[in-house]
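Just dropping this structure here.
Order of writing sets the chain letters: A, B and C. Residues in each chain are counted from 1.
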Amino acid sequence: MKFSKKTATLCAFALGVTLLAASAFADTMLGSGFQSLKDSIKTTMSKLTNDVDNFSANIIVSTKIDGQVISESTNDLKFDVTNKAKETREKIVKKGEITEFYKYDNENQIIYKNFEDDSYNVYEKRKYNNDNNKIVENPFEEEQAKDAEKILDAFVGSLQDVIEIEESGGKKMYTGNLSETQIPPLANAIASFVFKYSILDERNADRLDIPYPKSNIYLLNASGKAIEDEEGIVESGIFTASISAQDSKGIEHIYSLDFSVDIKDINNTVVVAPNLDGQKVTYNKEGYEFDNKYIGKYKNDIVKREGNSFVKVGERFIEIISIEDGNVKGKYYEVYNEGYDADNVRSFDFYSNYDESIHFTIIHYTNDKSENKTGIIHRTGTQNINVSFNAIIDEENGGYSYSNDDEEGFDNTFIRIFE
Amino acid sequence: MDKAIVIENLSKMYKNNRGIQEINLEINKGEIFGFLGPNGAGKTTTMKVMVGLMKADKGDVKINGFSIINNYEKAMNEVGCIIENVNPFPYLTAYENMQLCGRFKKEVNRIRIDECLEITRIIKYKNEKIKNYSLGMKQRLGIAMAILSNPKIIILDEPFNGLDVEGMVEMRELIICLSQKHKTTFFISSHLIHDIELTCDKVGILYNGKLVGVDSTHNILKNYSSLENYYLSEVDLNADY
Amino acid sequence: MQIIKSVFINEIFKISKKKKITAALIFSMLSVIIAAIVEYSLNNFAGIRVTGNSEFSILILTILIYSLLPLFTTFICVDMFAGEFADHTIKFTLTGPASRAKVFLGKILAIATFIICNLIVVMIFSIVASLFLNSNLPNFFKILVSYFMAFLPIFIFALAAVLISNITRGPTSAFMLSIFVFLVFIGLNLVFPQIRSFLFTSFFDWFRLILGNYINYSKILRIFLILLGYGIMFCAAGYYLFEKKDI
């Protein structure tokens, strides 16, 4: 009897452990609708950026109040990944007014259409050395995306299982519908707060002539649907969210946002530049930051403080001598007033190599200690220039820092001298 | 004669090598058995095993013919007991504590509870919370609980603890009265030899975890001038080993 | 059966006489009232309704299921086992005519009853409060099912606390360890979301699964089995220790 009681207890324990382990394992293996949707979106992005030659995308965003469309924007995008060409067509309807936008973009040129007179603007691109430039980037490859994902996972918590998966004919359909009772209070509070105070604040509502959400704001529902094709690519997705609120007169309104995206014509999309024959076209060259009109003399004042006043003791000069295909050559020198002896009167030549950086015009010079240094020169205002010496350039992030060769009170802005 | 309690080969050792070894004992129905022994001899251990608070390493206890190990509920059905100190629930009143006890028996009602509290003379305090009780009062309550359901067997561990002289006398009288009236079997442990002598009609001496002598009080008093002398001689005899 | 019933009534009687219980119920009610006030003032001053329509009772449940409900349950479990071991009052129950299995079962049933009562109190109070907050009638059915479902994970946690109460030496350490285990499980869930299926604390708010239009029954079944597995495991282990414990 005693033996069997002990055995029974042990058996029960073993049964519990088995049941727990088996169901938990099954649960982990099956995953949640949310997890597989996330995986599917990742697969889609990685395939679109790496495996596919070309594709089209169609994005529609519309906002409604009480079912009436306030604004709608339609984006037709065509990507030719192999040939690095992209076409964008956008149409925005806001209160019956239509705004259109067209852009064609490839390695050599960008073409914009001006819908007012059906003319085109063509910008010829300067050649970049950077071959790695992609026309579409995969956002999931970035470090921040991974952290954001973890936070999202924790936040979504048990709502992960709200997403339903249906499979038919090799396609997978994800549907999710969050009703008001399911939306976590915190998410509701944050969404309502952001909506009221930053998206549609009193001034914005007034400007757009739509009712201002004053009280009783809450997320009414959020729903979404996505279809994954046989290749594992999300071919279409729809997302809708609506917020209920009362305006200042106490009338209830429903504000909703619809978002839909379709990915189509994979490896079947041809991106062609618009036919410009017989059209009114304006040609522009994108390119060199400096051209011939910048040849000339620029200066600013060397100022010292004496007692409680400023005294001009001399002038700094930049002379741009020649500009050829973006290559700038020039010299820098300082002239001090008579009666004022400086410890060090600087004077040197500088030059830039076009395309050394895609962000900046980098100048090279040799300072008075015979050290080779770099600086940055760029345009400022219409006709003036800005020069920094002894700069350290961070090409990757498009930034730089400089010390101006440690001269105190150095003024980076040089004013054009017209003689 | 019917056996009320049979202890067979009972052993229980603690990690410090103390405990009880190979105890064999039979108590007839209606007997008042006195369980004598110095502190730490194993009296409480034996009694804890008897009422199922501890599991024996070896051996068995049969109460009314039912094994405490295999048939606990039947064995304990007609047993009332106090083991070690009386620990009623401190946040309840005496009456409420009695109610908890009585819930297992149909025949116990309000009147019976009051009756038992009357017998043990704490009826005055029945609605006071136990945390305000003195040691003696708790002891009295313990006895009231033990006799509540008119059990056939009552096991009392140091029942005279904390009682005043009056209380001790009353307790002795109560035990003898119950034994005569209801043929209740008693198993009483104590280190108070005088009280055992006056109350019990059979005595067992436990020394160093072993039962060293069992005899009726009548026989002992024939051979020794007092129970105390018998106890000392038995203890002396065994202390040599 | 009669004996289990007696043990059960005794345990319920004891619980009902404890001050902690009164405090627990009062705190439950207070938290409902405080939440109602916060909700009311957020809407009045900021115009934000933290809960949508009819969701106040669910909001309360979501908050309490991770805070007061497990806390009070731990109090009871620890008192009923570790507490009684420590002040030896357990002797009283164990020397009665009930076998240890029945005592254990009676106590577990009493704990379950306490959890149910606590949930009912919170539910009724929150429904009453929500009637004051919103003009719309709450969805009673969903609230009822949610509170019903909330019972299981809390009960599983109670069984864990019972197991812990049978391992540790004193009530304080039992209480601390129970809370510690609870926090560790919650923490593991946040840090390693991939093992969430193995942690019973991930499913405290599993009632959310029935709130939407789409109800994932297979997921609900899986969670039920996981919780059941935990329950059987804790129960068996707790009973094993309780049975062989020397007093």
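Keep this in mind: a residue touches a chain if its C-beta (ideal position, glycine included) is under 8 Å from a C-beta of that chain, and two chains touch if they have at least 3 such contacts.
For clarity, every value in this text was computed on a predicted model and none was experimentally measured.
Q: If you check the contacts of subunit A and subunit B, which chains show up for both?
A: C
Q: So which chain ends up in the middle if you average the CA atoms?
A: Central chain is C.
Q: If you average the CA coordinates per chain, which chain's centre is most distant from that of subunit C?
A: Most distant chain from subunit C: A.
Q: Is the number of contacting C-beta pairs greater for A-C or for B-C?
A: Pair with more contacting C-beta pairs, A-C versus B-C: A-C.
Q: Please work out the Cα centroid separation of subunit A and subunit B, and write it as a whole number of Å.
A: Each chain's C-alpha centroid was found; their separation is 86 Å.
Q: Report, in whole Å, the distance between the mean C-alpha point of subunit A and the mean C-alpha point of subunit C.
A: Here subunit A and subunit C have centroids separated by 48 Å.
Q: Cα centroid separation between subunit B and subunit C, in whole Å?
A: 41
Q: What does subunit C use to touch subunit A in their complex?
A: Where subunit C meets subunit A, its residues are 42-44, 46-55, 58-59, 62, 101, 139, 142, 190, 193-195, 197-198, 202-203, 205-206, 208-209, 211-214, 216, 219, 222-223, 225-226, 228-237, 239-240, 243.
Q: Would you pull the subunit A residues touching subunit C in the complex into a rising list?
A: 5-6, 9-10, 12-13, 15-28, 30, 32-33, 150, 153-154, 157-159, 161-162, 164, 175-185, 188-189, 192-193, 196, 213-220, 244-245
Q: Can you tell me which positions in subunit C touch subunit B when the two form their complex?
A: Residue list for subunit C touching subunit B: 3, 6, 9-10, 13-14, 17-19, 87-89, 91-92, 94-100, 102, 244, 246-247.
Q: What residues on subunit B touch subunit C, complex-wise?
A: Counting only subunit B, the residues touching subunit C are 48, 51-55, 72-73, 76-77, 79, 81, 83-85, 87-92, 96-97, 99-101, 103-104, 145.
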